[in-house]
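Consider the two complexes below, in which subunit A is the common component and subunit B and subunit C are the respective partners.
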Partner chain A sequence: MTRIVVVGAGPAGVAAATLLVERGADVTLIEERAQPGGQVWRAPAPGLALDMDRLLRGDSEGFRRFHAGFAVLRPRIDWRPETLVWNVHGGTVQIVAGGAQQALPYDALLLATGATDRIAPIPGWTLPGVFALGGAQAVLKDQGCLIGREVVFCGSSPLLFLAAVQYARFGAAVTVLDTTPLGAKISAVPGLAASAPRQLAKGIGLMAALRRQGRPMHLGVTLLGFEGSGGVTGVRWRDARGVERVTACDAVAYGHGLRPESQLAEIAGASLRFDRLRRFHAPEADALGRCGNGLYVAGDGAAIGGAEAAEVSGRLAAMALLADRGESVEFGALPERLARLRRFQDGLARAFAWPHAQVAALADGVTVCRCEQITAGEVRAVLAPQLGAAEVNRMKAATRCGMGRCQGRYCGHAAAEITAAALGRADAPLDRLRAQPPVKPLPIASALVEDDWP
Partner chain B sequence: MAAAPSDPPRQRLLRVAACTGPEVALVVDGQAVTAREGESVLSAVLGVVDHLRLHEVSGELRAGFCLMGACQDCWVWFADAPRGRACTTPVREGMQVFTRPPPGLLP
Partner chain C sequence: MSSVTADVGIIGGGLTGCATAYHLARRGARVVLLERGFVGAQSSGVNFGNLRLQGRYLRQLPLALRAQRLWEELEAEIGESVEFSQTGHVLAAVTPAHVAEIETHAVDCKPYGLDVEILDRRETLRRWPFLGEIVIGSSWSPRDATVNSRLVCPALARAARRHGADIREQVSVTAVEQAAGGAFRVVTDQGFVLDCGHLVNAAGAWAAPLAAQFGEEVPAFAAGPVQMVTEPLPRFLDPVIHAVDGGILFRQTARGNVLIAGHPRVPVDAESRRTRVPPQKATINMARLAKIAPFLRTQNIIRMWTGIEGYLPDMLPVFGPSRTTPGLLHAFAFCGHGLQIGPAVGAVLAELILDGGTQTPIGDFAIDRFRTPMAADKAKLKHEFDMEILDRKMPN
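Up next is the complex of A and B:
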């Protein structure tokens, strides 16, 4: 019997598992968290009386549809929540659940591992009260908590406006500071309107709502740093006219868009390609999500695309998987729909840009790696010609930047920019930190039960 | 959830929706804290104090960052379990949490 393992129970993984089950496949769906939903449809913890209609407004229908669909799917699959896939090895996924480790063999593997926030280090970003933008939403959705009373949403991402509006609905005083200028947003509008006019209207609606409510909102700012001792008390920034200002706050939600969680795909044998527009690496897959050798990727872990693209790409990857196993499938208009949604994301990547030049020029004293407390200056020091680190993984070995517990998720992009600039190769494809198993820390006791340790 | 009345420290997270589950008694740095089932260790601790831990290298205060199990900057110490993420660990009755290495346990 064919065993298909799907990793990640967000919109992509659940859409894929649903289609596969409908076609009679045996599906194991593995999720690190207790509940399905991914980040976008993250559900309140059991017993939390959070009004999802108040939080999500127009999106609450999508939330309900997802969770109703999962309730139907759940008894038809091998559902493994609170289970970490920490390695892919020899045709098995190596998992740990409840402290016990196991190797699950698979015939085909579909990875829908999602994304995390992309962070540009700046002075003060390790202060208590500074949180990743997606995290600020996550703690509201599943714990019913705000990160603070007066919250600055800053960086550059369409999620800045969505999260700020959601926080305002629960009584927070919100300010939005977006580092991408208005001009870049206006230039992106024709492309956005052509590919997904409904989503464009929704985004503009969020900005208009904040304006109407009189919430401070500034575009094209330069973020200079987060201030405070023992906890954040303000954001120092320069406005588009060059005037330096400080906004007082007790919390910061910070991010520059999303980055794919591509570690498992890389370990499973996918090639990675450098995306010149976003300046990061993502798994190399065909338009349907095929990476070769029975490996498929879908959702934000394949290409940043948002919930709708995730769902469509999950279905497409599942269809490709079935087709590769000799079943007849009808792709219909789905590939074109996915292509259109991804073109929309290309527009968003221009309208909410990663500030690579600013990251490359980060002052020597600023912490880049929050796990190991390594500064930009320490990174540059080992790149000096006589020391010989001429690539980001060598830099990591020499400094421990990227070697800490987050395994480079939050410093890796900045470290690659700083390394490229220091070596005079900012225009070439960036280096990247290689993925290593285990993809997240796990207690060594749980790994010791296996005989065939790779 | 409530802190011991003698010493009400500044909280970092602000609860805007009630947890309706049964009460769970835990101890944070020796202080009795009442949480509710369904709460994470992170929201229980940051509901009563403004940080989660001291950074091993710099001694800086940290209060977590990604809030989704990826950055590992919310690790705390437990009396009866390995160190682990506060953001993805649900509270359990009788749990003892430490924001600094507790005496007698390895750091």
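Up next is the complex of A and C:
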């Protein structure tokens, strides 16, 4: 019997598993967390009575539909929650569950590993109390907690206003400092209106809601840094007219959009391609999510697209998988729908551009690699000329930048920008830190093997 | 096509090539080193960092002791840190046979000038109380040391360049020709040729084809030693702890990570230069670590990797002058023991080229020892290599 392993139980992975099960496939669905949902439909921790209608408002219907769908799916699949896939090797996924390592052979592998925040380092970003925007949302959805009472939401992201509104609904005093250049936003509007008028209207509605509530909101600002000793106490910024200001706060949610979690795909053998618009690498796949050799990718881990695109891409990747195994499938209008959703995302990526020039010009004293405490100046100091590092992996070898607990998942993009700029190659496709297993820290105690040594 | 002229051309920018360039340049020779990728980016830069004296092949000890003197002075000499740390080495015995082995070795290495101390179980556990019950004795060698291998080759290459060496990265050699007068012409993919009177073949796991071109076939093969690290921990360990049979070894880096390695070495693809650690092998190393140092069970592995090293069936390198071609010198396939002796290998090659000879005994490593077919002792090697490697490379 064919065993299909799906990694990630967010909208993409669950949509894929659902379609595969309906076609009679034997599906193992692996999820790192205890519950399905991914980031967008993240459910409150068990036993926590969080009012999801109040939190999600108009989106609560989608939340309920997802979890109801999963309840139907669950008895029909091999469901593996709290299971880490730390490696893919030789036709097996290597997992850790219940404190023990195990190898699961597969015939086809569908990765729906989602996305995490892409961090643009600025002075003070490693202070306690500074959260990634997605992290601030996860704390609320998962634990029903706020990261602070007076929270500054800052950066440039389509999720910035949504997260601020959600925090406001739960009583936080929020301030929004939007760094998106106004021109970029305005010039993106026609494209967004054409490809997804509903999402555009929703975004405008969120801004209007905050304004009605009298929440401070500043557009087109420049962030200068997060301040405080031992914890964040303020955000220093410059307004659109050039006046420098400080907003007091006890927490910061800071975001510049998302990046695909592509390490597992890379380890599983996918090629990565450089996305010039977003300035990151993503798995090389066809429009349906095929990477070749029985490997498929879907959702934000394949291409940043949001919940709806994730669901559609999950179904498409599952169909492609079935088609490749000789089954007849009807793709219908789904490919065109996915293409339209991704065009909308291209518009968002232009409006909320990753501030690469600002990252590349980061002051020497600012930390780039949080795990190893490596500054921008230390990165620049080891680069060529004179037999210095000539690309980012050699820079890593010389500095330890990207060698810590997160293995470069959080510093890698900034390190690549700084390296490329310092080497005069900012216009070429960026280098990237190569992925190595384990994808996440692997407990030594999980190695329960029969070994006759000595 | 432009032409570059040098006294000595070196193919390969690993430790052997960089150390040779450094010693030659220091003595005034005109040197050009060609590296296909980046200096020290292959096995020279991803190894365990062990500058181990005890437990070596005995007749390599004069070379090794010479190398240790060079290591002891290297940082001061080149003005850069390579995290040289002379904190000793523990050969940990976990079977009675291991105890017998270290006791014999302690006697045998003494005439060469290496003094090691045999410790019983109690003394071993007094000094390193975190070691597991399975450790029943040890051999302590205080002069052994470690370095951060990632830093060594770039630092040596910079030092060589300061002495006038011409180090060229991202240059592939496409052909080597010998002119009538005996000089070499090295053709590259970067629009120039290198003309040189002496040529050093220091191409590591990729060196054998060049030797074969000059009529010197060697049964070299590639393999990878598996390495992994934990997250950084507060300092608890200074020396290297190394099971006598090499089944597991570990040390704590300057940063605090525990660096772990151990036999057997795994298959690697030298052609694609891509390496993958077989997960079952990583798991075995983790289980063995938990046996020899149980308290590390609570730690996490954050990264694992391997490199592409050249090996020969008698576990000794090819190192010395070509026996067929005057002016050509070979130094490759160091069988996983190349880091410690690297600086002395460079010094000796410089002597062979500039003085016509050396006082350091290297006869055991001559390339012509393979003229008569050598039967590999598979039984002996089976602890050191994955069986897949032995079956493929030594089918007899």
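Here is the rule we use: the second predicted complex is superposed on the first by the 445 of 454 C-alpha atoms of A that agree within 3 Å, B and C clash if a C-alpha of one lies under 4 Å from a C-alpha of the other, contacts with A are read in each partner's own complex, and residues count from 1 in each chain.
In this text, a contact is a pair of C-beta atoms (placed from the backbone, for glycine too) under 8 Å apart; a residue touches a chain by one contact, two chains touch by 3 or more.
Source: prediction; values computed, not measured.
In the superposed model, A:143 makes contact with subunit B only, not with subunit C. Measured by the number of subunit A residues touched, the leading partner among subunit B and subunit C is B. In the superposed model, A:397 makes contact with subunit C only, not with subunit B.
With both structures placed on the common chain, the touch criterion links A:214 to neither subunit B nor subunit C. When the two structures are aligned on the shared chain, A:103 is found in touch with subunit C, with no touch to subunit B. Touch criterion met: A:94 reaches subunit C, while subunit B stays clear of it.
In the overlay built on the shared chain, the residue A:405 is in contact with subunit B and with subunit C.
Once chain A of one complex is fitted onto chain A of the other, the partner contacts of A:441 extend to both subunit B and subunit C.
Contact with neither subunit B nor subunit C is seen for A:326 once the two complexes are overlaid on the shared chain. Residue overlap on subunit A between its contacts with subunit B in one complex and with subunit C in the other: 372, 404-405, 441, 443, 445.
Chain contact summary for the complex, subunit C toward subunit A: residues 38-39, 41, 45, 94-95, 98, 134, 150-151, 154, 157-158, 161, 167, 169-170, 230-232, 243, 245, 247-248, 255, 276-280, 282-284, 286-291, 296-305.
Residues 87, 89-90, 92, 94, 101, 103, 372, 386-391, 394, 397-398, 400, 403-405, 407, 436-438, 441-449, 451, 453-454 of subunit A are the ones touching subunit C in the complex. Listed in rising order, the residues of subunit B touching subunit A in the complex are 12-21, 36-40, 42-43, 46-47, 50-51, 55, 57-58, 60-73, 75, 82, 87-88, 90. In the complex of the two chains, the subunit A residues touching subunit B come out as 32-34, 39, 44-51, 116-117, 126, 128-132, 134-136, 138-140, 142-149, 170-172, 230-231, 251, 261, 370-373, 404-406, 409-410, 440-441, 443, 445.
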